[in-house]
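One chain, chain A, appears in both complexes that follow, with chain B as partner in the first and chain C in the second.
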Partner chain A sequence: MIRSTGDAFLHELNKDAETLRLSYGNSLGDKIIADIYKNAEQITKNVILIDNNKKNWTLKLDNYLTSKVFGYPFMLLVLGIILWITISGANIPSDILASALFGLQEVVSRGFLSLGAPAWLHGVLVLGVFNSVAWVVSVMLPPMAIFFPLFTLLEDLGYLPRVAFNLDNLFKKAKTCGKQSLTMCMGFGCNAAGVVACRIIDSPRERLIAILTNNFVPCNGRFPILIAIGTIFGVGALASQLQALAVTGIITGVIMIGVFVTFAVSWFLSRSVLKGEASSMVLELPPYRRPKIVSVVYRSIIDRTIFVLKRAVIVAAPAGGIIWIVANTYIGEISILNHLAGWLNPFAQTIGMDGYILLAFILGLPANEIVFPILIMSYISSGTMIELESLAELQMLFINHGWTWLTAANVMLFTLLHWPCGTTLITTRKETGSKKWTLAAFIIPTTVAFTVCFILTQTVRLLGLA
Partner chain B sequence: MSFVPNAMPLSQLSIGSSCTIAEIGLNGLLRRRIQDLGIIPGTTVECLRRGPSGDPTAYVVRGTTIALRKEDAHLINVFPI
Partner chain C sequence: MNVGHKKLLREHFGIKAKSDQYIIALAGNPNVGKSTVFNALTGLRQHTGNWPGKTVDNAQGSFSYQNIDFLMVDLPGTYSILTNTVEEEIARDFICFAIPDVTIVVLDATSLERNLNIALQVMEITPKVIVCVNLMDEAQKNRIVLDLPGLEKELGVPVIGTSARQGIGLDKLKEVLYLAVKEQMSFHPRQLQYSQEVEKAIEQLLPKIEQFGLSEYLNPRWLALRLLDSDQMLTRKVCAYLSANSEGDIYKEVSMAL
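What follows is the complex of A and B.
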């Protein structure tokens, strides 16, 4: 009560101050500012020594990094290199973690059985909870532990503002702000973080567009799905040295599709529900700095990797248990999971997927990280139990369930374009303060994902390609 | 925006040349942002480079590089040096 009257009073006071200021035009404020700067200039003249060497470095680098010829190709190259290092570097630790964790699962499993634990307890805790957590950790940890430090390095170097500088003209054409490229970069790590980062955009209209489209950048929870499916179906036949390169190509392509959709949706929003002109943009281009490697590694591992992993595990553990129950509780002859999947199946088929895949995406709403474990668990529970320690076995599982290259393409596109995760939606609600826009943040990507997959599937089937 | 003799818009400054600010014809939040960065009448500004597709343009102000869009720079009047 006291606070709200205080707020109201402050609001009144601000309004009075504003009218007073406006009645003087800009002249009073200008005089104050000129005076402050005169003082500041005097002080800097006396105490600051300027190092011209550092400045030259920045100038020379920018001659290339923001040039007409190299500006755009270099951005693509940087993205490609980061993805390539992540993909080729994550392979081996992923395999090691997987065999270690699934080996441990067997030991725990045997322990449970020798203690005479009931089958349902073993199922929920080992096959449900442990299995999901093992999946999330082994699939997500290695790419994150590589991707986040590399990205933080880029941030520390001062390259990201150059990306905004290079891309601003495209955003201006979509009548949005160039700083949206910065929020998109944050989205690579986590879309919820990307949505929060949209605060750097001054115009409320442009900020809202940036929030609504942030989801079209694949976050770290979705990267592993893209990498795994890209590896299995895109390049399975290639020699192993070429695989990482080819997967990099595929993932870069998928990201480019996401960027294109971001522009297209932003363009559309600026000309429909969020009509308006491009407002101003002031962007600072700080000098390049030598990154502090130790602090980069520390910050990206502790602040980001562990944080995101913790969140994923917290969601994955109970979700794994629940999914196991749903997959192993029978109504009549068929489990609840199979009932649901069967019910979704006709619809899912029109967009080139099956009921299990769509169900996994729906159940994965709390966090995208668990989509893959859910899918694998539901496939396994509906068929024979197999050990899944390598991608080759995963490929067999998918192919046994009728996957083609079209299924893989659709799952990748759906992963890229579908609704944001629960955390991102909650963050959107907080940032926009509006239920309506939160709903829009859900409906827009969902519509885009279904439309794109539907058109692709129907076209390919019509042409008889799959 | 009032007329200042001999002045031209900042957006027309060619790359590599410098100017001093004559008048800031912007209003509202952007005017504040611009002033916060130290762009006030009398400040020296150098045009550094344009973005790969011709816009925005980077200017050096008080040792800092700041990028502005053509539309915004158009409303700042300067005296070329």
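What follows is the complex of A and C.
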């Protein structure tokens, strides 16, 4: 009986339902769910006689923290506060560490000289290895040591699932899975870890999108670059309190751009090469917990800060040596470093940077942590020798090499958007099992970075602003 | 239970029921002690595996009460049966198409409001629902007092309070189950009330569905709601399962339709 009425009727029924559904503005699904909840609420009101449950304050708090009105502003506020504490807190220890380490460098230098060591050995070991390690430690350690405990604290409080809940809607609009917000948060720690975390996404299509876009949140290798450049170039003339606030605004803005690009690229991918509908996720919001301070500090300092720093130093030490050699080996009149930088320079100029910067990003492929030290090293060894003991002198170094606010903006954007580090690429290869998608994970961010910087630079130059 | 239906149960849901066994589905949110209830009732007479073709666990167990044999099927723990996830789809399909004799919905007494959602949704599909309000001990600890007789009146189906970990209330549950399959208990499940706009849309779609001649198998209102919620797969499934049920050749039909 049913078979004979069969397919034609079925098709018609589906079509009618579809027309009807669309005539109600495609909102019936949400209304139905809202109505079910209303029924449950009504019944509950009638049958709960006494409720002194402590769970309730979690519920009440969630009503605000995940509400349509307060959800996003609160998220921004929390991000801003964390960044502000990091930025205003990192400055002083950064300066102290820098002057201590470079003071030590002088002592070591003198030691080398008094022992009669050859100049090249002193160059490689002290000016190369020691110098770049000192930069990594003094620029990266303080912001990490402040940012990670704060971020871990947020995790421990149970706020991250609320972030995922808030962002779910946006991801659904990009036709991807809401769990992507969790892998995005993981990316703040380390993009390789973020890519691995994408395993929690069930649909292969959505997992791939999450993997390909994970790079657009700054990992802790790139975060300090943003903070350092933001601090150096943020605002010269303002009073120091205002300065921290302004830098916070800049960094928050940069992160927002990263999140926006994540959505934009996801949106584009799920409408082009990775077409498909969003699948839903079920997210249970755990109760808020009192964070265990000791374990937060331990986990963030030992597991993250020291781990990341170790990785950075391991990569930075040999890289520092190599850079020194490259900068001091001459072919003809010009060093290899200058050859390379000169060769990259015309292209780098079109995106508002210079050859040294682009070279630093390229050499930083093994680990983003060393981009900044490489840059400083190449600037120092390319002629303008100055004593660097604080961020203020760093600013001088950059300005001497022709940096403007546009250069700083481009470097920050490029840092945010450019290709993933080697570890992340290897992880992507493992997770996707495909050379093609690994290549895409490299090409997509690279294209985005070049395009954004190119447009910004050309627009600003056209308008004569810099 | 006709031959076609038995075959459907076996081949599509992996349920091997003897012909005199009543099939009981166990639904509810995750972490409400559903498995505790399941274990307490079935003891060691359990069979575990996967749902056919899915990577979701399936547990079935048997028990007897007053010389009546029951086969209890533990559905995946879900917050709703609106088929957002594979688990929800399995739970929904089982209640909807395997047509269990009784469905028990286990609720968490400490968060009744959230838990009621799934109970109300199940009651929309099948009338024979028993609501088991579990974790009554936890509720007491958290100083929550519930009016269970009041809830029974609100819902129109039997409501039993249990603390499955202590084994409290389970005898009562079995007794009600027995009465339910013996047709000695009446069920008037409360139907969800929707806002005007939704009701209007249902009304517009209902005539079409009734033409289809499905009303004796499925609540047409419910089917209308799912279609309005853009569940396009459902109509195909309805046809596949119902023809499998009547003709008994499930593989051919399902593979043709899906």
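The rule is short, and it goes like this: the second predicted complex is superposed on the first by the 412 of 466 C-alpha atoms of A that agree within 3 Å, B and C clash if a C-alpha of one lies under 4 Å from a C-alpha of the other, contacts with A are read in each partner's own complex, and residues count from 1 in each chain.
By definition in this document, a residue touches a chain if its C-beta (ideal position, glycine included) is under 8 Å from a C-beta of that chain, and two chains touch if they have at least 3 such contacts.
This is a predicted model, so every value here is computed, not measured.
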Which superposed partner A:E284 touches (first chain B, second chain C, both, neither): both
Open item on the list: Once chain A of both complexes is superposed, is A:K15 in touch with chain B (first), chain C (second), both, or neither?
Closed with: neither
* Who does A:I50 touch here: chain B (first), chain C (second), both, or neither? -> both
Touching partner for A:D62 - first (chain B), second (chain C), both, neither:
first
Query - chain B versus chain C as contact partner of A:I33, first or second or both or neither - result: both
*Answer with first, second, both or neither: which of chain B and chain C does A:K310 touch in the superposed model?*
neither
The chain contacting more residues of chain A, comparing chain B with chain C, is C
Chain A residues contacting chain B in one complex and chain C in the other 29, 33-34, 37, 50, 55, 202, 279-282, 284
Given the complex, residues on chain C that touch chain A span 30, 78-80, 82, 84-86, 110-114, 116-117, 120-121, 142-148, 150-151, 154-155, 190, 192-195, 197-198, 201, 204-205, 208-209, 211-214, 224-225, 227-230, 232, 235-236, 239, 242-243, 246
Seen from chain B, its contact residues with chain A in the complex are 26-27, 29-31, 33-35, 37-38, 40-43, 48-49, 51-56, 58, 63-69, 71-72
Residue set of chain A touching chain B in the complex reads 26, 29-30, 33-34, 37, 50, 55, 58-59, 62-63, 66-68, 71-72, 165-166, 168-170, 172, 178, 202, 278-287
In the complex, the residues of chain A that touch chain C are 1-3, 5-6, 9-10, 12-14, 16-18, 20-21, 24, 28-29, 31-37, 39-41, 43-44, 46-55, 202, 279-282, 284
